[in-house]
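In the two complexes that follow, chain A is the common piece, with chain B as its partner first and chain C second.
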Partner chain A sequence: MLNLLGRRSVILIVLAVMMAVLPLLFPSSYYFRVASLVWVSALAAIGLNILMGKAGQVSLGHAGFFGIGAYAVAIGPAHLGLNALLAVLVGALLSAVLAFLVGRPILRLKGHYLAIATLGLGVLVAMVITTESGWTGGPDGMPVPKLSLFGWRVSGSTTWYWITAGLLLIGTWFALNLDDTPTGRAFRALHDSEVAARTAGVHVERFKLQAFVIAAVYASVAGSALAMMNGFVNPDQAGFLHSVELVTMVVLGGLGSIVGSIVGAAVLVVLPQLLTVFQDYEHFLLGLIIIVSMIFMRDGMVPMLAKLARRARS
Partner chain B sequence: MAHYTHVLRSVAVGATALALSSFSLMHAALAASTIKLGSVLSITGPASFLGDPEDKTLKMYVDKINAAGGVDGQKIELVVYDDGGDANKARTFATRLVEDDKVVAMIGGSTTGTTMAMIPVFEEAQIPFISFAGAVEIIDPVRKYVFKTPHTDKMACEKIFENIKARKFTKVAMISGTDGFGSSMRAQCLKVAPNYGVSIVAEETYGPRDSDMTAQLTKIKNTAGVEAVVNPGFGQGPAIVTRNYAQLGMSSTPLYQSHGVASKSFIELAGPAAEGVRLPAAALLVADKLPDNDPQKKVVTDYKKTYEDATKQPVSTFGGHAYDGLYILIDAMKRAKSTDPKKVRDEIETTKGFVGTGGIVTMSPTDHLGLDLSAFRMLEVKNGDWTLVQPGS
Partner chain C sequence: MSELLQFLISGLTVGAVYALVALGFTLVYHAADVVNFAQGEFVMLGGMVTVFAYAAGVPLPLAALLAVIVAVVVGLLLYWLAIAPARGASAVSLIIITIGASILLRGAAQIVFDKQFHKLPAFSGDAPIHLFGAVIQPQSLWVLGGAALVVLTLYYVMERTLIGKAVVATAANRLAARLVGVNVATVMALAFGGSAAIGAIAGILITPITLTSYDVGTLLALKGFAAAMLGGMGNPLGAVIGGLFLGLLESFGAGYVSSTYKDAIAFIVILAVLFVAPQGLVGRRKVERV
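Up next, the complex of A and B:
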């Protein structure tokens, strides 16, 4: 049965069923809020995973694109009179263009140098957002007008749960399908060995750039969704710590594993909520759990569990 | 073999779902005879200097109130979450307090950023929210359910310019930090300066992590006719400004700092350069030096003693904001003889003559702060300590 449907469909179906069933277990809209946060973070993490896990390039400034998306839906309607949905597209387009322009030079760098260059990009975006207070409200942030679709004002945790769930499904579907396209294969070739990929005729620069642009668009859309859901944005969302959080989600869940990114996002969003019962030890435990899981599950949670399963079988 | 992997992947995802649903179990319903108050504070992270004393103050005084029998015989149960200074987390915790913990009132919100992010949650749920954050945007425009206890940066500007006016200065230079505090206060100062006949003749800024402001100060020094310099900012920036100011030999021109650095550590950081620096601050900072007939004397000395005895740490005005918030709320509940959020809200709004650490609070439907300029005292650093500046000098 599973073989008949294929790997991708199974993942998508499981995800969709889970999204549909979870609300039945939720006692209050607070759970919808937490779940929506998981979906949004997972969306950004999946995008980053395409860049990091598939194409093998690191980005330590990815929250910059998240911030562009978030501020697009804040500034667009407030200052430019844009429709909110149009603002999401404008944000995504802006992120794509920025990724394209900046990616061309910096993706020629490798390893630590690339990490620093992307980090710089993220910091720059956060700085612009913080200092241009006339447009962005400065360090204290600014309100985001409620999204309205054909006269229907979108609000409430439940509504946003379904919207973010839908976005994540689309994002997952796209990322899973990418695997089996020539682009996806080129990404994997790049990941394994740049020299070999080049020798085999892969246009290395072009595919790196493509992965970077795709990752930027994912982050931007996730940023827009979170901003509209919160009704408020502030520069933290574009900040370095958020970039690190996204990278952690990807690495913790498993580099290259799309399901891993969802799991990674879920762990990093839900765990702090669970750990509040430990009060003062909350951060200590969070750090401990992450350290221990990285030591014992070096490939990330999902690939490691998959490996264990294979071993158990053979 | 391959599809085994996929099943396992699904199991991993399923486990997450379980984790999500299991925390409903961790919050079993509590006895109905308690009053549940919520708080979201930045206890860790970059704003922990705000959240930490606030957290300690709230817990300490809630224990005190409970030991004395609670409010009208009902014990208070305080739920505190740490947002780490992250507005997005604060928003989630706010939702949790309203939806899951079902609190009847909210006291907290350490920073303007976290407060602004939480406001929509409490406005929508119609639960009173008393914030401990500084900026004036929180209560201007007035929101039905939102109040705050700390003075605003606008009042600090007014207090400074009032003093500048009393000294018959009209030409002022400003050097501001570009962090949230500095940029917000800078904007407020520029707005109110004309009301005091003050013109800003030079304006410089510095970044929150800059380690030298000599260049900006030299520019101010070379501007003709500057009679006083105002430095809106907090953290280490103002201490560096103060040191550079003395190094450049500018000390003959009065330097005004903001309430943002109203703590002993500023004097320690700036060293002898701090001599003669003036700043507006809450009475709490000079509790021991207040004259005995000062209406705030008893409250601030009691709070200072209680806090310092319990924590062995020097008192800060931030913890004082939490004290004020808690007691404004408790008083309102006693007056309302109810914990119904709507009735409590109405009573908070009629708070009259409440003597807190931050000043004497009298709220109204158009004023959800309730402090006037008398809440600030103008202080001057003399011999490495704060002294009260006599009015008119």
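Up next, the complex of A and C:
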């Protein structure tokens, strides 16, 4: 079965089956909401993983693109009279253009310098969103009009569960397929060594830029989906802490592992929900979890489990 | 003219704090090769512990000393409990660990202290000094003087003492340092403790001017990082110059251009500098080995 279908199809089928079966176990709409949050975060994390895990470039400001997507569906319909779906596309396009323009000079940088430059970019986007309150509602955020498709008003946590699940399936499918394309191979080559990749004829700058733009579009679409689902946006979605959460999802799940990003997103979304019991201790525990998992699961959860499974088999 | 002087003074005061945060960054980066995002939390601890100890009746100098001690202990614990066990992890993992530590410390401060803003009395009164039409808060002089003292002390320690030489040796080549008998782990712990002390001092000095709360650390850490970058990571003198430069830019930018985007200036500067000089202003080009 496994050999017949290939690894990619198996992952997609398992994911789809899980998405279809989970609702049978959910006792209330609250569970649908949390699961939708996981799907949306996983979508953004997978995009970031293409950049970090595959192409080997860090971004500590990715929530900036998430914020652009989120505010596109808020500002587009409210101020410009755009159709909501069109606003999603405009947001994705804006993110892609920004990533394309800024990516070229930023991606020349390496290591800590790249980290701080992307961080600066993300913080700037968040600052613009917070400051231009005439457009964005400032620090308090703004409401997002309900999505309506051909006269059908999309609302309810169950509906959004299926929409976000569908988006995540598409995102996963694209990311998994990318691996075996010339682009995917180029990403891996420049991840291992830029000099070697260049020598082998890989146009390093172009492929880094591609990975950056792809990751930006993923984050932007995820942002739009979350904003429409919540019916509300605020600047925190573009903030530094959210960028950190996205990076943590990727690294916690496992750099380069697409399944890992989904697992990482699930952990980081579900844990705070469990921790609301200890409301005052939420940040303290989140920090503790980040530190402990980084120390003891350096390769990330999924690669580590895979390694354990292989060892158990042999 | 008096306006210019006013912006200059406030810029230098804020810049001195950025310089101290940047200096802490640099010290840890130099010795342990870690970008410590929890650096801003040391500044927060310095301010908050002093405020609460002072409110509990401890005399101000003792409260300040206590705050420095608490920060140093936290810095050492950060190294022993979070950084040392993660030895050999990638740069990104280490950055995430320190960000986790920063979230953890902020969460702890929220529990131990509270979520309010707090103020300290100025160390030598609030009577402003008038100079060529500009007004100077006496506390500004404390900030500038204190920062200068910290910089000179650090310079002396690094250049003239055996401990300083051990730090420089560790930064230059960890294996070689170990071979000549330097206890590398101790040096790194010292760097964390030292940078915590520097951060706490900055927090104590600035609190009478800017107030403090459990979450002042993040923005300070980011700006201190920007300052350290400007000066070329790992260069102490560069960190000081970068900090003062950033403070002046913010102050003049807020005064002459736009005060709503004052906080954005640091990040625009980072991006601009990196676009022009990808290795920092003072950094040298590195060659990658395949």
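Just so we're on the same page, the second predicted complex is superposed on the first by the 299 of 314 C-alpha atoms of A that agree within 3 Å, B and C clash if a C-alpha of one lies under 4 Å from a C-alpha of the other, contacts with A are read in each partner's own complex, and residues count from 1 in each chain.
In this section, a contact is a pair of C-beta atoms (placed from the backbone, for glycine too) under 8 Å apart; a residue touches a chain by one contact, two chains touch by 3 or more.
Computed from a predicted model, the values in this text were never measured in an experiment.
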| item | value |
| --- | --- |
| Which of chain B and chain C A:His283 touches, first, second, both or neither | both |
| Contacts of A:Ile106 with chain B and chain C, given as first, second, both or neither | second |
| Touching partner for A:Ala20 - first (chain B), second (chain C), both, neither | neither |
| Chain C versus chain B, contacts on chain A by residue | B |
| Touching partner for A:Leu80 - first (chain B), second (chain C), both, neither | neither |
| Chain B versus chain C as contact partner of A:Leu149, first or second or both or neither | neither |
| Contacts of A:Thr131 with chain B and chain C, given as first, second, both or neither | both |
| Partner chain(s) touched by A:Val247 [first = chain B, second = chain C, both, neither] | second |
| First, second, both or neither for A:Arg310, with chain B first and chain C second | first |
| On chain A, positions contacted by chain B and by chain C | 131, 282-283 |
| Residue ranges of chain A touching chain C (in the complex, touch as defined) | 52, 58, 60, 102, 105-106, 108-113, 115-117, 119-121, 123-124, 127-128, 131, 193-196, 240-241, 244, 247-248, 251, 280-291, 294-295, 298 |
| Contact footprint of chain A on chain C as seen in their complex | 29, 35, 82, 85-86, 89-93, 95-97, 99-108, 110-111, 218, 222, 225-226, 229, 233, 260-261, 263-264, 266-268, 270-271, 274-275, 278-280, 288, 290 |
| Chain B residues within the chain A interface of the complex | 1-14, 16-17, 19-24, 26, 44, 81-82, 84-89, 91-92, 95-96, 98-100, 112-113, 116-117, 120, 135, 137, 178-180, 183-184, 187 |
| Partner chain B, residues of chain A touching it in the complex | 2-3, 7, 10-11, 14-15, 18, 21-22, 25-31, 33-35, 37-38, 130-131, 133, 138-141, 143, 157, 226, 230-232, 234, 236-237, 257, 259, 262-263, 266-267, 270, 272-274, 276-277, 282-283, 301-302, 305-306, 308-310, 313-314 |
